[in-house]
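Presented below are the structures under discussion, each in the form of structure tokens.
One chain, chain A, appears in both complexes that follow, with chain B as partner in the first and chain C in the second.
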Partner chain A sequence: MRTIILATAIRLLIPVFQIFSVYILFRGHNHPGGGFIGGLIGSIGFIFYVMTYGTKHTLKNYFRVHLKNDKVADLHSRARHRFHIARVNSRYRQRVEDEWKWEHRIMRIRPVYIIATGLFLAATSGLIGLFSGNPYMTAIWTGLEIPIVGKPGTTLLFDAGVYLLVFGIVLKITFVMAEE
Partner chain B sequence: MLQLHHLLLLLPLLLPLYGAIFCLFSWNRVNLQMAIACVIQLAMVVASGALLYAVNHEGILVTQLGNWPAPFGITLVADLFSALMVVTASITGAAVVLFSLRGLDLPRQDYGYYPLILMLQMGVAGVCLTGDLFNLFVWFEVLLICCFVMITLGGTKPQLEGAIKYVTINILASGLLLTGIGVVYGITGSLNMAELAMLVRMPSINKSLFLMASTFFIVSLGIKAALFPLFFWLPASYHTPPIAISSFIGGLLTKVGIYAMIRLFTLIFVVEQELILAFFTITAGFTMVIGVLGAAAHYDFRKILSFHIVSQIGYMLMGLAIFTTLSIAGTILFIVHNVFVKTNLFLVSGVVGRLKGSFDLKKLGSQYLQRPFLALLFLISALALAGLPPLSGFWPKFILVKAGLEAEQYTIVGVSLCVSIITLFSMTKIWNEVFWKKQPETDETEPDADRLTKALLYAPIIFLALCILYIGLNAEAAIGLAYRAAEQVLNTDLYINAVLNR
Partner chain C sequence: MLYFILASLIYAFIAPFVHRAAGKYGIAVQAGVPLVLFVYFATFLPDVQKGEVYTEIYNWVPSLGVQLYFYLDGLALLFTLLISGFGTLVMYYASQYLKDDAGLGRLYMYLTLFMVAMLGLVTAGNLVTVFICWELTSITSYLLIGHTHEKETARQSALQALLVTGLGGMALMAGFVLLGIAGDSYTIPELLTRNDLITHSSLYLPMLILILLGAFTKSAQFPFHFWLPNAMAAPTPVSAYLHSATMVKAGIYLLARLSPALSGPDVWHFTLLVIGTTTALLGAFLALQNSDLKAILAYTTVSALGLLVSLIGLGTDAAIQSMVVFLLAHALYKGGLFMVAGNIDHAAGTREYPLLNGLHKQMRFTGIAAMLAALSMAGVLPFIGFIAKELLYEAKAASSYIILALSFMVSVAYVAVATIMGYRIFWHNRSEPTKLKHQGQVTMAYPPLILGICALVFGLMPGHFVAPILGQAASATLGETIDFELSLWHGFTPVLWLSVLTILAGIFLYSVLQKKREPIAILQKLYANGPNKLYFVLLNGLQRGALHLTATIQNGYLRLYIASIILTQVALLLYTIWYNSPTLQLQQKINLLQDVLFHEWLLILLVLPAIYMLLKTTSRLTAIATLSIIGYTASLLYYLFGAPDIAATQLLIETLTVVIFVLVLHKLPRFQYLTHAHRRIKFVVISVLFGATMTYVLLLVKQFPLISNLKEYYGQNAYLLGKGKNIVNVILIDFRAFDTLGEMTVLAVAAIGIFALLRLRMDKEEKA
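== the complex of A and B ==
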């Protein structure tokens, strides 16, 4: 199903969907919205992307992180070496000089990892209440008032976990279905 | 700071959840998942033991999730019965995970077995600890979805065939359970089990309507616990997955259904109780007889054991049907004993199947000659299942019979005694065929196993056999614990006061 209109539009629409889904996530505490619907909206863009470009292309473009690793270790300071590597990696898609020095590694972001992160966030948000002497899942609020985000607290952490969980599961289902 | 009872009630749920999360993070690294699952299961045994200790010393423990007060939020409650169930489940889980390190093939382990079994463990603990009717349903779903995946894990043809029956009937059961919960909510306006227990004892309750609601629960929990007219899905599906999976599912899940029945039908559905109990008595008798007859007719190791699950469920329901403190104590002890014994028998069949490559009684033989120690382990579990005196099966059956005689329910007592004899007969059949008779000539070569594999296959069986012996030989402590648990179950005021904090 590859039409040029959809193929062009979806590349521009993915960030729109993402931003809107995060807005829905933040809105969720007092208005309709929240983690579940946010995760669904966030994954819509990727569903269309898979439909037009296929699973392989999607995985390559969005779910792979290219890391560069300096083969020649800095013998003076390990911390400086790490910092150096981090600085090089943070320059997105830029050519670095001395290409031969760098070892390329590809890290795959599997949907399973996103699911696990979501579960972890959601479960851990409850622990904060537990370790402050209240029952599990007691909401702890920071008391700040930030525009768009609202009042952050442990419930927001929980909702973010749900967001990632739903996002990851929909992606996994999409990839499996697209392959068949 | 951190309050201990909040933590104790949460640990049986949080430990497997975090274990599953870490297993997901180490996707495709089976060895790491194995290590995580083992550590978590051991921690579960310790945590649930601590919970049982705390409940035994301090009475019913309660925590209100999210700090919402009782009828509005979701409550977690642990009384002696639920703590005992959690302990039993975690010990069984530890044994099964240990067994599956070598007893399950690598592709299945690789495809998410460990996160699933941990989630299943969490579901079981959740059903036992929850104090909210809808939450009970949710935990049942957690547990069933893990089961669906585990039964189909690997995707062989007989597995899928069994899974279709299992999934269809269990979705139906869940639908009925949800409908029942909806009806109860419609009648009373509450889902908190303690508040429900208080409301149904008020004179203003609409009795006929509430009896109608309880039929939904009888049918749906009856399907999950595999009672007489509704049990047929169980023998059709439990023998299909590999032993490591079917031992856990077969050993534990139907008992969780029975747990839910006992909890709900002592606490909430006490309206028109004579009618319900009479129905339970008849069902219990038929469940025992049909199950054991089915077992007597079969010649596959795993199918025999599957039918015995059904038969043993009858005994547990019998205790509920007689409805005295003694009989409920018998049921509680029976559940604990039966989970260990049934899991252990499945594991023994797994070892035989792994080392000989078959589950068909007609193809097996000479195991007593080749593996006398395994034969001893089998004998302990088999005789315990049949209920011979020094072993763990004798005491709960003795208590049930005594309770039945005291309540003057002679028919069901007679039936249960006869069924015991047939159980012994079908265990003898396995003994004769697998261990005693001469190995029939086959041209199949036996799959070989190294030393570590054998050690890891035997360790959980020895462990469970020790548990069985412990219950059998230290019966006074076990019976005392079960009796106090039964007193707590029947004295509903304790539960209501603990939850509603009056």
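== the complex of A and C ==
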């Protein structure tokens, strides 16, 4: 299933899919959209990526955080050390001198974690209402009005939970199905 | 109170990380959490001792009458102090006992979780919260018993405890629902005042049976007592905490709590008395047959729980007073003795008491702790156990002499066991002292020592420390305020002579036991066929039955699964239609056809060739693509009729289905028909039947318009209350958010299920 057009296009399109899906999520409150649709759209980008590049490549590129760490150098303060580490880590895929001296840490983001986060977010968003003395799941809004996002409130948190859950589930199914 | 409980709940999940990060000093935090709770609950003492009740109410699901209701009276406070105080000691003890265990962090988490669940259970003022916490204690108990999950016995015992208490929990839930209906409320304080209403209800008997099932399974009453000795597979700190002091007392707590609401009819008193006394005798008898220290303690715990139940069953003022005193005394000495048994196991590597001799030189502090606890257990003078036994005898003597005689026998057995625990192992120098793997650790002897000293101090000065709170607990159990005074010395009453006689008889029984150690053959046979055997027979039968059923219904042909699902639905629908026999007015519907617009016709016409293609094609890819034409058409129809959200969802789902199908397409075998055409007819019949039924039902539905103001309500309030213009979305994430949460949970579980199923398949292929 590897065609050059799709392979090139999907690399450019993945961020677009992500941004659009988040936009759909926020937009859901007043216009068609919402967490469910947003999550589906967000995952579709990755499905096409899996179809062209395979599961392993997708996992490596998007679901693995590669962190470099180092011991605190002599005569450096802790704050300076942190800053240094942050700078090295933020240079994405750039070659760093003395590659060998870095301690590598790999964090994997499994789809199950995303599902769990979504469920957790949705379940806990109701607690805010409970703490303010109302029944569980009572919606609370802030007074702000942000363009695109609208009025942020606990329902947005809930919807974000739906988004993450759907996103995670579709990814999980895709990865399992596409695994050789 | 909510904040304290919730904070500890959240802490429970952080506990392993704290353990890992803080290392040796982490115990200060781990034991600090129960200690803080203990101090917090202790601040309620002055008010509660005056007879006040502290309540805190949060609405949870108001429409169902579910509240987060904290109700703290004397009984609840007594239990919270026991739970949190014991929690502190057990956390410390666990840190010493399992010093080198890799799973210690996990154990802290489960212990804290259990403590929170237990605290929630005893402070809950709403039946629903009681039930939730009840189940949580069952689950955490399962995790704790199975701590050493590498061992099969541990896993099996954990599952057994979960199944027995879980089944009891199910019965309890049904009982609570009946209680809620009969008492017309789910809040406990209201139910407590409605004794007449509840006991005269026609639901009383089934309700009582169900609630008692729950309480008896939890508190290991006969015939459900077998899980408790098996649960001794847990590490000793867990046994000391859950299976002597707290969790098994949850059933007692429930009976005591609901006693004002349920007591009165003879069946309540009679059942509790009979079951309680039987359990007490049986437990005491079985304890003497065993030689494993933890098994002995487990059976005496079963027996003590039986005594408590029988005292609640008696229900007189004196009985309830002795119940609360005995509850406290038992928690103190039994928890201590369990820790002593753990220390011995840790140091000597065995728990068989015939192998243990003269340990006092090597484990002096443990020995002293054991002696203190054993003296309290035997009911020797300055200890609280003595007061408990005096009261017990008084209460039983007031009812009937048969019951008194039975209690006497149980107490004699306790004295014998106490002699074994407190004297035989440590101070009896008959032969060479047992060689230990390592010297007794002083740190591990502190917790039981503290408990033993508590038993002594409470016994010496009962009026100062424990009488006020115990009095309030007894009042709460009785449902009326009573005068409650405790004193150590009652004078030379007949009961005192009976106590002396008990001790003498107990020591005599001990000396008889020392001489004769062979198990009795007939009894062994009886034990082998006891309820424990029945449990395994039932469990195996269930598994085999499930296997057969699955093999018949789910035989691996997907088409048959679908056919059976559809046929069931069609049958149910047709039955309802036949039963109600509504008439369908077709004439009116045909007129409606004229209103269909041209582009709508076009969409429908698009479906027809797709269906034709679908039936003719022999390629899976074509089939799935043509199927999606139908889906897309449906989504366009949704859009035309003003449901853009559903249209978008349908569109995306169709796309995803096709894409995911393509991913697995190459793994499937070639598509071909293996059956004859006339055999396939039956699937056509099923499809047509289903389609026809659904059409008929839909036409009917349109004919009888639903009278409901839901539509108006949502339309008007979506923006006013939900602050959103997209009604569908507002309903999903705000008005009906609870439903959505449920669906999300189902989805997450389904995802895990899919993963597990496919993984199973892959593992099989790898092996093959």
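The rule we apply is simple: the second predicted complex is superposed on the first by the 151 of 180 C-alpha atoms of A that agree within 3 Å, B and C clash if a C-alpha of one lies under 4 Å from a C-alpha of the other, contacts with A are read in each partner's own complex, and residues count from 1 in each chain.
Simple rule for what comes next: a residue touches a chain if its C-beta (ideal position, glycine included) is under 8 Å from a C-beta of that chain, and two chains touch if they have at least 3 such contacts.
A quick note: this is a predicted structure, and the numbers were derived from the prediction, not measured.
Bringing the complexes onto one copy of chain A puts chain B in a clash with chain C. Shared-chain residue A:G45: touches no atom of chain B or chain C. In the superposition on chain A, A:N134 contacts both chain B and chain C.
Once the two complexes are laid over each other on the shared chain, residue contacts for A:F36 go to chain C alone; chain B is not touched. Looking at the superposition, the partner that touches the larger set of chain A residues, chain B or chain C, turns out to be C.
In the superposition on chain A, A:A123 makes contact with both chain B and chain C.
Look at A:G28: by the touch rule set out above, it reaches chain C but stays clear of chain B.
In the superposed model, A:R110 lies in contact with chain B only, and not with chain C. Mapped onto the common chain A, chain C and chain B collide along 170-178, the only clashing stretch among 44-52, 80-88 or 170-178. Once both structures are placed on chain A, chain A residues 112, 115-116, 119, 123, 130, 133-137, 139 are touched by chain B and, in the other complex, by chain C. Residues of chain C touching chain A in their complex: 58-62, 68, 644-645, 648-649, 652-653, 655-656, 659-660, 662-664, 722-726, 728-730, 732-734, 737-738, 740-741, 744-745, 747-748, 750-752, 754-755, 758-759, 762. By the touch criterion given at the top, residues 110, 112-113, 115-116, 119-120, 123, 127, 129-139 of chain A touch chain B in their complex. Contacts from chain B toward chain A in the complex involve residues 1-3, 6-7, 10, 14, 17-18, 20-22, 24-25, 27, 63-67. Put simply, chain A touches chain C in their complex at residues 1, 28-37, 40-41, 43-44, 47-48, 50-51, 111-112, 115-116, 118-119, 122-123, 126, 130, 133-137, 139, 141, 150-151, 153, 155, 158-159, 161-162, 165-166, 168-170, 172-174, 176-179.
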